[in-house]
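The structures come next, written out as structure tokens.
Each of the two complexes below includes chain A, the first together with chain B, the second together with chain C.
Our next item is the complex of A and B:
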């Protein structure tokens, strides 16, 4: 029974489960593993359904060794998420080369559960959760089918599996909510190549990047508590770039020596908001202009920036307070040096232009405005696909190509300001975002990445200057999507009135419905994260407190478990004791049998009292009188309807007096 | 430990046990791995998967238990056999209350005898065989009901069930020996009907099982349908089979010889009586008389 061979239907459903568990991992696995998996599954399918020959033992063993060695060679380890899931996937597939008995099938099915685990380490989206739930229900149906190949048709197995799974849900919820969560990890995360989480680069190199990110992946979501700033004022600062060699812009080594304080004079009303940051390998935490305090788990960086103390692979939520109107303090020496740093070589044309701008006005603000006007009046174009630039990108951009996106303008602007003697720097971050009316929050995506400039003015401190806004106000006012839409339709930016642009980019019925659906889906994702994925120790405490339950700890849980177990055992002991005591006749007769057993005559478990007595008397004629008497009395009480205390007493006394000598002495 | 036998056994909570199967243990191991990973990565969905699988396992415990709980076992008819032959018992499984039961395995001496599916309200009979070596009453073999339904992760089984049912085992017939000539073999007038009778006593309707030899073909040819000729009367030999006639033999041998004679007399259509200590059966003939004689021999004390 244990080693029954499952039938074809059972095997095919097992193959289906394996394929379903492997499918979400396909984009994460190297192509050769995918090929191995597909090959093995198809071969088993052909063996089962097309009567193909199965692989021999040598081939199986050889293939397994080769694949394990290949995984080890490819990843350098067999542990960790990536190597582990690759190994699991290939082992599952190879298992299918030899599934023959029920045992192999069960092992394969359990491997599928481990694959689901691997999937969750990559993605925890609601879609994946739903998908996996379906796989789990199907796997239960497969279990039913594998174990009972007759009498359970597929429909019945599916129905039974669904019922079981549904009935298990409340229990799962209780365990999920009450199982104690411990912060931190048991053994840490082995290093992984995280290819999928891209983010803003720490280096800006205008002229070397052909395309701006088109990724619609959300970077973070924001809920405002109170007044919401205009979209054109939503400058999310993430990174400040000080140092340049003419092509590249970087943070610069010495910038770490700067004062990382957050002191500035606040003006206007504070803006309170909560940021839910998607997992990223980057440490920075985008904040609206200037935040006033660093939340727990973060620290401040020079340039009024916030950074995580620890790069997290989880989503994180922070509540921040920012001021969009402010006045910063005076520059110190190092800061001024950094903010005026220029590349070694700078073309004469650029220097001449900067001098010309300097002559426009006596104060620095006037010079900066003149530079902005220069961008606005000269034929500069905002484009998402600018031409590549050569060795001196600033010169080339300012005087020949004049086409670029935010980074091009910011780099050129800051270079001009520095030549003109005005401290300035580039800020990278995000501009704007998409409002989600379904959940009343804003979604900021990778595509919303932006770069702008900040100049330091003696009277006002650091002031934001966005040269992109001078060239393409649509980018600032309507967002990157509008820019894309207009470019797609062949309109020049900065030429149409904003109302006309709004009319142009108004969505059609279908596109509008699609967008609404997308926004609701995003809301569902956010709620999913808040209530399911974000369920941690803190939320557990909160829940327990609201249920008026005592707080759980490992020790408390173990204690409770021990108490429950002890109570259960006590109850069991009491009930069985009572049951035994409830039948003194049986107890006396058992004692009688035990005594005979010691004398060398064992009663077989299925032997009746009469047969046993007959056998005993045959073996030991000397005991005939007492054995017959006890047996007769026992049978009369038990089956003959003899009742009352007296006969039972008599039986007990007779059994007590019964002392058979061992057989050896007798012989 | 077998419970005292009774005519009907209903599997209750106290008769059922459950343990995980080997697969169940492996499943638990997988759950442990999942839980450790969930704790390490603090991954909510891995937690959920772990707890869901565990909960499904726990819920399936109820299903496994319920697959046996409340099942009624009762005895079916059981015809006597001769010692040395296999006694065949009928075990009736009745699913009068309760859900559909699937893959209930019936084991006799750790060997699966049968595996049945029962819909609600359905019942089925299972034949149990047990070798008989001695005359007297033979109890049915104790059976154990077990199931791995639904997921194969758990194994539930019942206590050993012994029913009150008994099979009568006749003595083993001795090899052929001449009938006791010393027995008084007088001719006695034979009353009633018997096929070997000499006088024609009339016709009756054909019943199933009648021998075609007695069909009245003449009557049939006249179009009166199928009728059976009945005979009776005449004188027939009557034999006394006596315990005392068999001196110098052990009890069992004597019983075996008497058994053989009963069978021979019955086959020969003789009137025979049986005389054993404390019991005398007057001469007669027929299936019922044969059974009475053989039962007397089977249950002969000693």
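Our next item is the complex of A and C:
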């Protein structure tokens, strides 16, 4: 049986399954592995369909050794997620060079299943889950096709595979509920380099935020519990940068030197909200200006910042409380020194400008406002594609290019303030976000990354000053999407009146629908994460408790699971035994008899089909043609040794089409 | 062709198509037939008719209580001329034997016939003589007037593939009988429809009629149900099962089908099973045929 050779259709569907299983891994694999895989599959396809010669034993062995060695060379190991899945993918493809018998096909197919599992080490999104489910059903159909005689058609195989999968759903749910959860996520895989988690870095240089502005990846989602601040007030602070060399801005400070407290005078009403943070390799936890308590698992950092105690690859949820109106305490000496630090060289033009601003007003607030006015009145433009800057970026930006985005403005502003003797610093974080009306929450993406300035005023403490808002209020009020939309159309912010901007960014029907769809998809993602991936040990316990099941230890849970599985298998065995007796032919004929029964003609259990047909026709001559046809076909299959899928399907179709009208009531 | 055989036979044996068919099926399945009924209902006529239309050599043996085996099988007679013993074949050396009133003969004579039926050969004085092919025995038996008879034991009854009863003709058939010509005369004018070679070919065709697994399931279900039934003293033997299947195959051929249906089994079942199943002690109601009909109605077709 296992030595049988699969036919061409079976082989081609197996190749398709392999390609489908490999596809999601393609972006994660190096290009040469993708090429090897594609080459092997195509070669096999050509062998099968174009009668190409297959590779010899020596070539196969050589190729395998070369590929394994190359994976080892590329990753430095054969273990771990990346190297492991690369190895698995290439070995699956190489397996196709020697697939000959049914046994080989089985091995290849199970490798496909393993590969589908490996994809979940990278992403557990609902899209991937759905995709895998579809591929699993398809591969099951292939399994059916390979194991059945060559006469099986694909539709039948697909139907059987779908039925089997549907039958597996309850079992899957039980397994999902009861399988013992280890603390942590199901798919957490520690210590892997992760290319796809980008984020803000601790160093700001001209242009460093730009790559973020193109990334649509969500950073965190926020649900407000109570009043929601205006979008222009949603400054999510993540990082504070103190030190600069004129070009780079860094934190440049040891944590012990500064007070990491969160003490400040609160004004107005608190804002309560819950942040769901996407996994990232960065420790900071964005919070609305300014948070008052550090939730569990986090600590405070100087500059009213929150940080995780441990970097985690899991999605995390925090409940935070912030006050958007506040007054901070006095500066200490170290802070003041840091907040006034200046690069070694600074151009005379910058110093002259600062002095001019200083002369505008006697108090610091007036100076800061004058600087803001300077940005507003001079022809500065907000653009996501600014010209490159040379050795003295602040000077060049202020006097020649005058084009840039948040970081440029913040850096120039803070530099001017410091020259003017006002303590100031750059804050990095996110501004605004997108409201999802479907789920009543806000999505903040990498593209919403922002940098702004804070100046310290003796009367008010640290005060937020956002020079970007002076140049491009649209960025603050309408969000980054509007800015991007305008930039794509060739406009620079600062040129247009806000009404014109609003008109321009008004979404067309299609774009609006697309946006709504995106928001719903985001909601689906969130729910998936909460209810499926977020089903952890704690929630499992909770569920068991709410089902009034005794709280079970690991061992108890496993035992329960084994028992439930055993029961399920027993049930399955019983039902399949019954199903074997009711083979499709019998099932069709029974359906036929049921239909006639509803029309008033009952078949006795001991009545032969022919006798029943004769009796039926005697009672209902109008049904003669269809009854005779169904009966003849049924008898031929059941007693005449007619086999194959086609007659069975014909019988099924005939029975399906058979709709006897109920007999007319005799008066 | 088989239809013509049945039609021709029906011209003589009026209103008994079912019995004619069963008899024909029995012969096609290479079985022997036992006809059990009162005198004068056409038992002998049926045997005659079958012999005529099938073109078979016919020989009739009237069984009496003083009939000896040699009277059936034949004897070796000393030939004074040659000084040898020469075997004079008895009436059994024919293709179709009518053993009339078989239960009148002694068991010894009965068993001589029955042995010949089973072995299809006769051994006399150390020499073995093969009986002609095809070879059928149609035995008749009178169920009444049991005084001075030797009813066939069950083991002997088992040699017959089927047992049928003639029954009275219905009113219409009886009228036609009364109005029509003498049956004997009619018989003389009948021409054979098929010959011996064709009959052998048909017998071969019977064994090739398809019996599917589903049908065998049904046959087995039937047999098993007799074994546990309260209606019968004992269940059916495996040989009875084979007989049932062969009978059904022959019936299917008569119906012009190349496969056996449960209906075929149901039709032949009373005839095949009736003489093999003794009613259980204490259950007296109904004939064995009626009981078998009950059984058939109780066993669902899988």
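As a working rule, the second predicted complex is superposed on the first by the 522 of 667 C-alpha atoms of A that agree within 3 Å, B and C clash if a C-alpha of one lies under 4 Å from a C-alpha of the other, contacts with A are read in each partner's own complex, and residues count from 1 in each chain.
The rule is short, and it goes like this: a contact is a pair of C-beta atoms (placed from the backbone, for glycine too) under 8 Å apart; a residue touches a chain by one contact, two chains touch by 3 or more.
Everything numeric here is computed off the predicted structure, so don't read it as measured data.
Undergrad: For A:640, is the partner it touches chain B (first), chain C (second), both, or none of the two (neither)?
TA: After superposing on A, A:640 lies in contact with chain C but is clear of chain B.
Undergrad: Just to be sure I read the superposition right, which of the two partners does A:169 touch: chain B = first, chain C = second, or both, or neither?
TA: Once the two structures are laid over each other on A, A:169 reaches chain B alone.
Undergrad: Tell me which partner A:147 touches in the superposition: chain B (first), chain C (second), both or neither.
TA: In the superposition, A:147 touches chain B alone.
Undergrad: Tell me which partner A:132 touches in the superposition: chain B (first), chain C (second), both or neither.
TA: It touches chain B, and chain C stays clear.
Undergrad: State whether A:317 touches chain B only (first), chain C only (second), both chains, or neither.
TA: A:317 sits against neither chain B nor chain C.
Undergrad: Between chain B (first) and chain C (second), which does A:116 come into contact with in this model arrangement: first, second, both, or neither?
TA: After superposition on chain A, A:116 lies in contact with chain B alone.
Undergrad: Go through the superposed model and pick first if A:539 touches only chain B, second if only chain C, both, or neither.
TA: Touch partners of A:539: none, neither chain B nor chain C.
Undergrad: Applying the touch criterion given at the start, work out whether A:231 contacts chain B, chain C, both or neither, answering first, second, both or neither.
TA: Neither: A:231 stays clear of chain B and chain C.
Undergrad: On chain A, what residues does chain B touch that chain C touches as well?
TA: Overlap of chain B and chain C footprints on chain A: residues 605-606, 608, 638.
Undergrad: What part of chain B is in contact with chain A in the complex they form?
TA: Listed in rising order, the residues are 1-2, 4, 14, 22-23, 26-27, 30, 33-34, 36-37, 39-49, 51-56, 58-60, 63, 102-103, 105, 112, 117, 139, 141-142, 148-153, 160, 162.
Undergrad: Contact residues on chain A for chain B in the complex?
TA: 1-2, 102-103, 106-107, 110, 113-114, 116-117, 120-121, 124, 128-129, 132, 136, 140, 143-144, 146-148, 151-152, 160, 164-165, 167-169, 171-172, 175-176, 179, 181-183, 185-189, 314, 532-536, 579, 605-606, 608, 638
Undergrad: Can you list the residues on chain C that touch chain A in the complex?
TA: Going by the criterion above, the answer is residues 210, 212, 214-215, 258-263, 266, 296-302.
Undergrad: Considering only the defined contacts, which chain A positions touch chain C in the complex?
TA: The touching residues are 581, 604-611, 635-636, 638-641.
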